[in-house]
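Right, one structure below, let's go through it.
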C-alpha cells in the first residue's frame, strides 16, 4: 500500500477544534456531518474530523485554568488505548468505540477522522497496562523523558519493538472503527526539544508503518507546525500532510505571514504530499474557548485565505461550525472555479512577493489551463503589475475572473486594482 | 534563621554515590559513619549523605538497561512523599523513616544528609494523593510539563501555594527525621530546558523557604552543574552550595577543566555560599556501576585535586568507600596543613593560568597567613615561575611545603619544579 | 531576458580552482580549452571558467602563509574594477581584458566564465575611485562593515543606486569581454554573519539586475554553500545555480554527506535553476595548493559521484587538469548513457536513504524513460533491495546497466549487488 | 608595575561623548577642564577624557548619514598612528600631539585621557605604512577579517610580534604625550563575532602589555559592554574597568536594567578592577547628536543613578557639559556623604531585588561603617521593608539620611517610604 496513492488531491473537510476546542460531542459531530453531506459534499468536501481529547470525560470543565486538565478523567481501555468518552459519545459504549460514528459518516458518503497525540498515555505507563499482542506493558514502550510541552496526556514511544507494537495496536483499533484520517499532534515540530533530541521523528515512521500494516487507507496528517523545511524529505516519505505553520487563527498578521511559508514549501506539493496551511477560521468559531464569535477576517481577507490555500494546494479543513455558516461563507466554500485549483496536475509558483504584494501563478499541463492570483498585502487599495512572468509567451490573454465569473483581458504591463488585503484571481 | 549562619565553612563529608550508585543500604551507610567517626571526624569531616533513590525498592536490579528504572517500585507515603525503602533501610519501617539512621550519625557526633530530586513524585500526581495540611492533591502541585531529562521520578512543582505546601511537607518530615543536609538534584542546571523555561529557579526559592519554615539548620546543596555564572546572585541568595560542574569523575580532562571553572567562580566564595567542585573520586569507587575499581587518578593528580578544592574552598565530599581507603588516601584526607585553607577568612585568587600551568594564591587577613599553589597542568615535569604577584611586597619568604611539612625559601623569579599533573603548595 | 531561458540544462564545464588554486595563467587556460574542444565538447561540456584572483599579480607567492594575500598587488582599472593580471594573462594588456581569451574559447565553440567576489575592492574604496557613469566614488558604494570572512579583497556593496551602478559597471565590462558565466563567491552563504545581517541577499539581486541590463546571456553561479534551504525561492529567482555544500573535495565523508544535501534540494531542480554539488575532483588536482596529486577517490567512488551529480541534475564542473586525464577518467566524463540524465524533462527523487544505502529514481515524461540508481554507502559490498517504489506499476522491467551497457532484468524484491562506496545505475 | 596599584578607587572624571559625540575641540575640552578644576576636583573628580575620533578632520560633517564617515579624512602619522586633527586641536601641530592639552590638564591638577579603537587603521594597512622600530608594515599587523561592526576605521591586530609592536608604538606615543587614561573601544564585547572568533581577547592582553612596557601608569578602560560575566577573570587580569552595559543613556528602562547588571558583577569589584556602568547622562547632553537637551532623568532618577553607581563602586564619568550644569546637578555630583562610598574598603551586596524594589547594603570594615540603599523601581511611591539582612545583628540603628544629612532611626521590619523611581540611602 502506497500512501501517495489514496490522497491524490489535498484533503477537504471539517475539523471540530476551532469551534468546539476539546468539548465536541457525538450529536454535534453528526449535525456537521449532515450539513456537509447536504451542502458541501458535491464540491469535494468529505472529511469529518474529531479533534483533541475525545477521550476526556472532564474536557472543558476547568477551562479558565486549563485547556488540557493534567491528570484528568480520561477513558482508557485495558490495553492502554484511549477510547471515546461515553458521556460525550454515547454510541461508543460497550466496546463500540468510534465505529458507530464512523459508520454514520460513511453512510452519508463522507469520511471520518480523529485526532491523536504522539505517544502512549502517561496513565497507561504508570499503571503498567499490557500492550496488545505482547508480553510487555506500557511501561516498556514509554519514554519518560519525552513529553509534550503543552499537553500532559502522553509519553513519547521508544524506538523499539514494544513502541511499534503499541502504535500497531492503536491503528488496528482505529482501522476496526473505520477511521479514514489521523491527525497526529506534537509530532511535526516541538518547541520543547532541540531537533536532534525530538523523538517525534521516529514516531512518525512508526505511525506510518502501523498504518501500512493495518491495510486500511488512512490519511496521516501531522501537527503542529512549523514543519522543518530541511526535513521535507522525511515528511514526504511518511505523511500525507504536515503543518507548515503554528496554529492559524483569524489574524491578518498570520495570514500575511502564510505567504512566506508557502513560498518556502511551494516545490514540495505533490500527490500524497501536502504542506498544510492549517484550518480555515471561517464562520462562527471559538465557542469551546468561551468566546463564540464571527471570524475576524473581512470578506477580502477570507478571499485571500481561500485563494492562497487553493492555488498553493493546501489541504482545506473548515474550522467554523458548519450549521452556522452564512450564505457569503458558503459561496466561498463552494466556488467551483476556485476549488478546481486543488485538482491533480496543477503546479503553482510564487513569482514575486514583497511587503505589499504577491503574485502566484499555476499551470495544469494536463488540461492546458493556467491561473494567476494578484494579492494586495498592503493597507490600501492599489494596483498590482502584471509581470512578464505571468504570461511568458504572450502579451495578452482572455481570462475568467474567479469571483465575478466574467471574462477580462489580462495584459503584460497592465495594473490590476486590488482592494487592501484582497486578491484578484484569474483562470485562463 | 539566616542560611549563611550555619555553613560558615565548606561542608565536609562522605556521599554514597560514587561507590554505591543507587543501591546503598543502611548497613553500608553505618559502616561508613563508623569509619568517619573513628578516623576522620577530628579533621573536620562530618556529613554522611545518602544519595539518589533511597526510596527505590528495585534500585539497581535492571542496571544494564536503566540507572533509574522508569515507573519502578518506589516507597511513598500517604501524602505523596518518598520514604526509605524498607528492604534497604530496615530501621525505617513503621513510619520511622530516616530518623533512626540520623540518630545513629548524631550519636557518633556526625551529621546526616539525603539526596532528593526537584519536584513531586509523578506517581503521587497520577494518584491524586493529598498534600499534608491542605485540601489539595499532588495533581494540583505538579507541573506536568516540567520533568527531569535523565531521571523519571518527578514532576516539577508549580509556583503556587500548593507547590509550596508540598515542599513544606517534605522538609517538615526531613526535619523530624533529623536531616542536616539536603542535596537537591535537577535544580542547578538543566540540559533539557532553556534557562527561561526552567522551573528550577522558583523551586530553589520554595525549597529554601521550606527549610526556613522548618526551623532546622539544614544545609542546602544544589546539583547538577554547571551552575550559571550569570545567576550567581540567585544561588547565593537561596543555597549553601551549588555545583559548578557536571558530574566529576576520575579523568584528567575533567580535573584540568576544573581550573577554568574555579577561575570563573573564585569571587563568589563566602560564608554560607560555596561553589561546589563535586565529589572526590578517591579510593575505591564504582561498585554500584558494576565496575568496582581504584580511582584512576595518580597520587599527583589526587594532590592536585585536593589542593584545588581546598584553596578554592569548595565543599569536600568523599566519593570512595571509606572502609576501603588506603593509608595514602587517608594521608591526603587528613593533612591539617591543607585542610586549614577551608577555614573562614581565607580568600583565594587565581593569578595565572594557561594551558600548561596555573597559580593560585590565598590570603587569610585574620591570621595573617598566605598560601600559594603552583600547578603543572602539562604532561611533563617542569618549572613554574614565582611571579611578582605571588609576593607583591617582598622578594623572598620562608614557607612551609604542605606535603613535606618542611621550610623552604620562596623567591620572586625563581622556578619551582613540579611533576606532571602535580602541584606544590606553600603556606607562609 | 529571462534567466531561466538560457540555462535549460545544468551547465557543464571546467574550472581552474581544484588544480591551479589562485595561480592559473592564460596559457594553461587555453590548453584546457583546446582539450575540451577536442575531446569533451561533443558530450555537452562547454564552459571554461577562470577561478579566484585572476587580478592578482602576486597570487601564490606567499602560499605557506596566505591563500589570499592581504593588501596584495592587484590589477585595478580607473573605475575600481579588477582587471586581469597582465603577467599572467598577457593578451589582456592595453585594455583588452579577458576579451582575447573569451574570443579564443568562442572560436573553439566553447563558452568562457570568470570568478568574482561579492562587492567592490577595498582598495577602490580607500582610494575613492570614481564609479563609471556616476558622480560618486567607490567610497559611496562600499559598506565598510560587510567583509568576507576568508578573503580580504572586497567590501560588500550598499543597497543603493551607487552600489547598483558599480555592479552595472562590472557586468558591462564582462559583457564587453564576452563573458558567458559568472561565478560569484561569498554570496550564497556566509559563516561570518547571521543570515539577517548578511548583505549578500541584496547583492544577489543587484548582480542579477546588472546581468539583465547588460543584455548578455550570462549564467549566474553562487558560492560558497551550503545554500539556505529556507531561502530556496530567493536563489531560484535570481540565480542559475547555487552551491548546496561548502567546498567539495575528494573525501568519502563529503561524498556521503552529499546524499543528505541532494535529499534536501531534490524538489528545487528546474530549467534555469540548479542546486550545485560543486566541482568534480577527478584526475590530477592540487598543484596550486602545493600538492599535485591524483584524486583520492576510487573508481567506485568516482562512479558514485558522477551518478549522484547526474541523476540529481547538478551542474558539472570538472576540477582536475584536463590535459592530464586518464582514459578511465575520460570514460566517466563521456558516458552518454549517464549524461543523458542531465537533459531537460528528467525529474529525480530519492526514495530511500539510510546510513548504508540510498536509492534514487528519475523519470522523463517527455521521452517515457526512467532511471534508477542503487548506491552502497557502506564499507562492504552488499545487496540493495529493489523496493516497490522503484517500479510502482510493474513487477519486472528490462533495463540497461549504464556502466556495462548491457540489458538486465530489474525485479521488485530482488537484491542488487553493489560494491562498497559504489553504485549500479539502470535506465529503462 | 602592577595595574591594580594605581586605580585603587573607581576613576572619576568627565568624558566628551554624551555632549559632543565625535566633534569636541581643544577649546571645549579646556573649558570643561577649567570647570572641573574649579568646582569638582576637591570632591575627587580628576579625569578629562577626549572620546571617539579626535583624529578625524571631517567628524560630524555628514551627521545625517554617518556617525563615523567611512573612508573619511583622518590624521595619521608616518607610522600609521592616528594623531589629533590639527583644525580641532590646534596645539597638536608640529608633532606635539596631545602633549600640550595633557600638560594643560596636569597643570590644573587633573589627569588626561583619550579614546581609541581596537586595532590598527585600515588606511595604514592599505598604504603599507611602516611600524615603528620594526622592518614590517601595517599590512603585517592587520587582520583583514577583524573589523568593528559599527565603526569603519580599524582592522584588528594579529596576535604576533608585529601586532604587539604596533600596540607598543601607540602606547609609547601616548605616554610621551602624558596620557593617563585609555578608553579602548570595540574590545569588551562584539555583536559581530561569536566570542570564540573575536580577536579582542588577545588585543586586550597586547594593549595591557604595551602599557606595562611604557612604564607610565595609564588606566585601561574597555568598551562597549555588556562584558561577558564568564570572562570576569580576563577583564580583571588585564584592565582597570570594563563596561557591563551597552551605551547607557537617560532612559528609565536602561537605569532599571542596571540593577540586574550590578547584581551579576557585584562580587568582581576590587582595587584596580571596576565593572563600569558607563557615563552619567546628567545635565546638558546630545549637542553633537544634533539634539542638545536636558537629561531626561528626573531628579529622583538621577539620585537613583548616582546611588547605584556609588554603592556598587562603578567608575563615574560625567557625560553632560560641565559648564552648563545646574546647581541641582552639582549638588548630586559633590555630595561627600555619597561619594565616600567609592573609597577603598567598601564592599557592597544586593540583598534583594524584584520587579518593584531593590536593596543594597555596603560595609567598610576599615572604618567600621555601613550603608544601605532602598530603591523603589515601581511607578508609584511605596514602602520598602527593612529586612533582617540589612541589620543582621541588631534591631535598630541611628543612621544618616544622605540626601537630607539628618539622623533617622533604621529598624528591622519598618517600612521606608520611597518615591517612584527614587531611593533612600543611609550610612551608619
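Letters A, B, C and D name the chains as they come in the text, with residue numbers starting at 1 for each one.
What we mean here is this: a residue touches a chain if its C-beta (ideal position, glycine included) is under 8 Å from a C-beta of that chain, and two chains touch if they have at least 3 such contacts.
Owing to the predicted nature of the structure, the values given are computational and were not obtained by experimental measurement.
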Most widely separated chain from chain D, with each centre as the mean of CA atoms: A
Distance from the mean Cα position of chain D to that of chain B, given in whole angstrom: 40
Inter-chain centre distance, chain B versus chain C - centres from mean C-alpha coordinates, in Å: 58
Two or more partner chains touched - positions in chain D: none
Contacting chain pairs - touch in the sense defined above: A-B, A-C, B-D, C-D
Interface residues, chain A side, partner chain B - complex: 70-71, 122-123, 125-126, 128, 139, 142, 144-145, 147-150, 152, 192-193
Residues of chain A touching chain C in the complex: 2, 229-230, 232-233, 263-264, 266-268, 350, 388-389, 392
